[in-house]
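First chain A sits with chain B, and in the next complex the same chain sits with chain C.
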Partner chain A sequence: MDHLQLLTWARGPGLDLSLGVLVLGVIWRLIEIYGLGRKQDLSAPRDVAGASGWNTIIRRSVPPPGMFKTSPVSYMGGYIFHIGLAIVVFLFAPHIKLVQGVLGLAWPGLPSQMVDFVTVVTMAAMIVVLFDRINKPVKRYLSTFGDWFTWALTFIPLLSGWMAVHHLLVPYTLMLAIHILSVELLLICLPFTKLFHAFTVFGSRWYNGAINGHKGVPV
Partner chain B sequence: MSASLEKGVRVLKEMIDAPIASYFNSCVHCGICAEACLFYTETGNPKYTPIHKLEPMRRLYEQEYTFLGRLAKMVGLSKPVTDAELGEWQELVYNSCTLCGRCSAVCPVGNDIAYMVRKMREGMSASGHSPDGLKGAVTRTVNIGSPMGIKLPAVKAQMKHVEADYGMTIPLDMEGAEYLVMLSSMEIINFPEYLGAIAKIMRQAGKTWTLCSEAFEATNAGMQIGNSDLARVIVKRIVDGAEKLKVKTVISPECGHAYTALRWEGANLVGKPFSFKVQHIVEVLEEFRLAGLLKTEGMETDRLTFHDPCQLARRGGVIEPQRNLLKMVAKDFHEMPDAGFMNWCCGGGGGASAIEEGEELRLEAFKRKKSQLDAVKPKRLVTACANCRIVMEEGLEHYQMNLPIVGLTEMIAEHIPDPVDSK
Partner chain C sequence: MKSRHPQQPGTEFSVPGTVGEGLARHGVSRRAFLKFCTVMTSMLALPPSMAPAMAAAIAATRRQSVIWLSFQECTGCTEAITRSHSPTLENLIFDLISLDYHHTLQAASGEAAEHAREQAMKDNAGKYLLIVDGSIPMANPGYSTIAGISNYDMLVDSAKGAAAIVAVGTCATYGGLPKANPNPTGAVSVADIIKDKPIINIPGCPPIPVVMTGVLAHFLTFGTIPELDGLGRPKVFYGETIHDRCYRRPFYDQGKFAKTFDDEAARRGWCLFELGCKGPVTYNACATTKWNDGTSFPIQSGHGCIGCSEPNFWDAGGFYKALSMPANPLKVGAGVAAAGAAAGVVVTFLNRGKKGAAKAAHETTTLNDLEQ
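Right after this comes the complex of A and B.
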């Protein structure tokens, strides 16, 4: 299999396969988790404005008072790499074209130079949070294979995509194939690793907000 | 109670619901919960990271409720939860967690970690890995009637003292009274002023109230240890008492966990909504204040601050009423840093104060409260939880800080003028 054949496979059957696993995996995992249900709360509720699941989904996106200074690297690194990732994935013109090919949806992208800059910043932020994970006793203590693995799963697509755009190291066709294949691996693993927090974060915040909202506590 | 690993694992499995599954799947190991936990901040030991306290439960969740986890278990790739492991976790789930819920308030993905620890305790207790101090408290509450072993005659003796001191009758088993007043053992033994304060407040408000001979103890060690069957027995007494006396409202005393046990867990434990209202005494006082039924005279002039009991404020939603009440009687009031919703725990909530072997850690964790107090330098500390009060008194004594603590209800009552028509 030469580079072009590899790229063709990645763009064709590889993409179909990984998207299939992603979609079915996400549905399966959501049922597995939320199908467990919960008991109805029989205590008399206390109604307070702003105390609800929906409020908490939004409110938890910013650090509670006093918390930022306790973990500035986690917060800043977290913001930069999540927002950066979203920009790179959804606002890079070739990515939008790909989505258009699959779903028929399209939206305006950002100039590629800007995406290039965001990619570098995002990778830098990811390296900083990786060092923080190694360096900070609590994070190191909590870390498992899954933490290092999912870091790599997220980082490699960024790096390979950036290298493909800049024609670095290996021929463009091969690097693009590596990029696409690494993204496909990410999609396949997403439902079954901690990357699944991309979906459950909304459910978790909602439950916390709803459970405490029942007591009239806006959390 | 015959406890075993099998029973513990079975109970733990039953405890896992959609919120818990969602929480475990959302954790990204960011460690921010550690920064919110006084057992971590004051010791620097990462084992006290709140989410880590749930590790056996997380593994069990994965092995029992996820496809990949079940697969891994089948081929022997994941280690089963062992008795020794649960034994090791006892310190983390009880001694170093007061269910204060600061972790739940900060987790970026929204995990309610305190909710999970509360449920994990059910499994721990069923497996036999719960502290002796709490086991004793539960046994005494179920068999004798209160965690400190207090029986009705002791309550009656206190009633007599208060009647003599205040010249008022303390009603017992009065059917049709509006309020049923609950007590905590701590108040019966250490702070009898509370009962006198209630009598004065109710007289001024012109409200009928009563104690109940079959249900006077509000604290619920069954909830703290994590045994819903026993917690139900304890709550049921209060429900029966309230229904028998046909009261409109049951007043939870100045005790944070009693409030959670009654106000939020009670109906769920007995399996039906209450036919009466449950209010913390601070909520009742605020209602009286708003209705013009609470009138005080004179002001405290020394420098005061207020310690928010976690279960009343962060886990109970009562934050402003205590401040409104303090404004009535305190001239020189100052808030501690992080006061209100994000206040730091006294270090002994959730049953932790009953754990003898946890004392050293508790005193270490008290350094957080100490630094909050050092920032304000009050002359007296006001609170609304008898357990917080005892725990903080111990901490203050240990660090040789001379700072009297006073209950809010008692302070308010001191400013209620005697009625003109009384002799």
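Right after this comes the complex of A and C.
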């Protein structure tokens, strides 16, 4: 199998396989999570300002008072790499073309050089948060294999995509194939790892907020 | 002639049977030939000072005996090389060589033609150059024959005494169109069959004629084959992608893409990536040497590169699909979603079962238990 064949496999059967696992896994996991159910809470709800699902969704999306100073790397790094990732994934013209090919939807993209800059910043932020996780004893202690694994799953597509655009290390065709294959691995693992927070993040925030809100506790 | 150009001693134009004599006979002046060699040296990335030496070396050699075999092909490769406007660099190829067998170009046919091939093989054993265009059918030898000889037999037989083989066009180099899915004839490339001879691959559908001339000039000058890449292609011509040298590249870098072939962006010459251009994954010299005497090349004419010099380019997902788009229509359908839903429901029931079992196994702690 030469480079172009590998690339064509990645754009063909590989894409089919990974999207198939993604769709199957996401539906399975969502039904599983929401199907767990919960005992009915018979107590009378307490009405306290700021204690609700929606409040928690907003509150947990911004740093709690004082925390930004205590953990600047986690917050700054986290924001930068999440926003950067969204820009790179959704505003790079070839990516939009992919979405158009799969779903038929399209929107304007950003100039490639701007996406390139954002990619570098995003990768830098990811490396900083990784070092922070290794350096801080508490973070290191709390980290499991899943954390290291999902970091790598996210980082490799960024790095390989950036290297492909810049024609580094191996021929572009091979690097593009590696990039697409690494994204496909990410899609396959997404429903079954911590990366599933992409689908559950706001649901779980709302849920925590609503449960505690019922008891009158704003979280 | 000699006296007009005393500064290039050794560029012999009078010894019978040499390239020089052949050139003189066709009215090619030494000046024109030197110009040709200057272009060749620059194309082959040799120092310009090599040009007179190359001219001398080529002029003094005997015209290289060439046997040209055409198998499963469309004659486009021969067309590309012979139909260029005269006089051109590409035409000079026929002054450099003695084309002893080419069943499209030669006047003889049948037995007489085959005899010419056998004679050339005998007279130049171990020295002739074998040029092949077209792929070789392996599913059934009868799919393609010449004078009743199967392509496979003719290739193996002709390769035995060859100094080197030049596979011309994507069919001979990688199987090309005949090999495209589902490959009904079991087509293979020259390199799939011949393992014990140096093979130079000059892919392209068709290949750039001047690349062919360059390779021959190199062979005649040095008696060796040029440096090849992993796919057997001369690095000097196939070292970079079309995208690397494309004049539309600044638009690609800025994310400015034509959306249709006739929109405002297309008229402004923006990048053709979204219209399916395969320039980024195609190694060839079109963007620099161009075609028809340096007039233009596909991207300059407004059409994306189709990647014709790459193996299996016919099966690379379609010429008009961007490289980042799915190569084939996606097969993921409602079935997958239904399977996911079924898995979710099964797991939910299992989880509920576990919950129920835990609840049933739950023992109530009484006051008595605590007091004990």
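Quick notes on this structure:
Just so it is clear, the second predicted complex is superposed on the first by the 213 of 219 C-alpha atoms of A that agree within 3 Å, B and C clash if a C-alpha of one lies under 4 Å from a C-alpha of the other, contacts with A are read in each partner's own complex, and residues count from 1 in each chain.
In the analysis below, a contact is a pair of C-beta atoms (placed from the backbone, for glycine too) under 8 Å apart; a residue touches a chain by one contact, two chains touch by 3 or more.
Since the model is a prediction, treat every value here as computed from it, not as a measurement.
Contacts of A:P64 after superposition on the shared chain: chain B is touched, whereas chain C is not. Legend: residue contacts after superposition of the two complexes on their common chain; A:L15 is shown touching chain C, with no touch to chain B.
Contacts of A:G50 after superposition on the shared chain: neither chain B nor chain C is touched.
Once the two complexes are laid over each other on the shared chain, residue contacts for A:T144 go to chain B alone; chain C is not touched. Using the contact criterion defined above for the overlaid structures, shared-chain residue A:T200 touches chain B, although it does not reach chain C. Contact with chain C, but none with chain B, is seen for A:V102 once the two complexes are overlaid on the shared chain. Put chain B and chain C next to each other and count what each touches on chain A; the higher total goes to B. Residue contacts after overlaying the shared chain place A:P94 against chain C, while chain B stays out of touching range.
In the superposed model, A:S112 lies in contact with chain C only, and not with chain B. Legend: residue contacts after superposition of the two complexes on their common chain; A:L36 is shown touching both chain B and chain C.
Residues 28-29, 32, 35-37 of chain A are contacted both by chain B in one complex and by chain C in the other.
Only residues 16-23, 25-32, 34-36, 40, 44, 46-47, 49, 51-52, 65-68, 104-112, 115, 263-268, 271-274, 277-278, 314-317, 338, 341-342 of chain B touch chain A when the two sit together in their complex. Contacts from chain C toward chain A in the complex involve residues 231, 241, 243-244, 252-257, 273-274, 280-281, 307, 310-313, 315-317, 321-328, 330-332, 336-337, 339-341, 343-345, 347-348, 351-352. Across the interface of their complex, chain C is touched by residues 2-5, 7-8, 11-12, 15-16, 19-20, 23-32, 35-37, 93-95, 97-98, 100-102, 109-115, 167, 172-173, 176 of chain A. Across the complex, chain A meets chain B through its residues 28-29, 32-39, 41-44, 46, 48, 51, 56-57, 60, 63-67, 70-71, 74, 78, 133, 136-144, 147, 192, 194, 196-197, 200-201, 203-209, 211-212, 215-217, 219.
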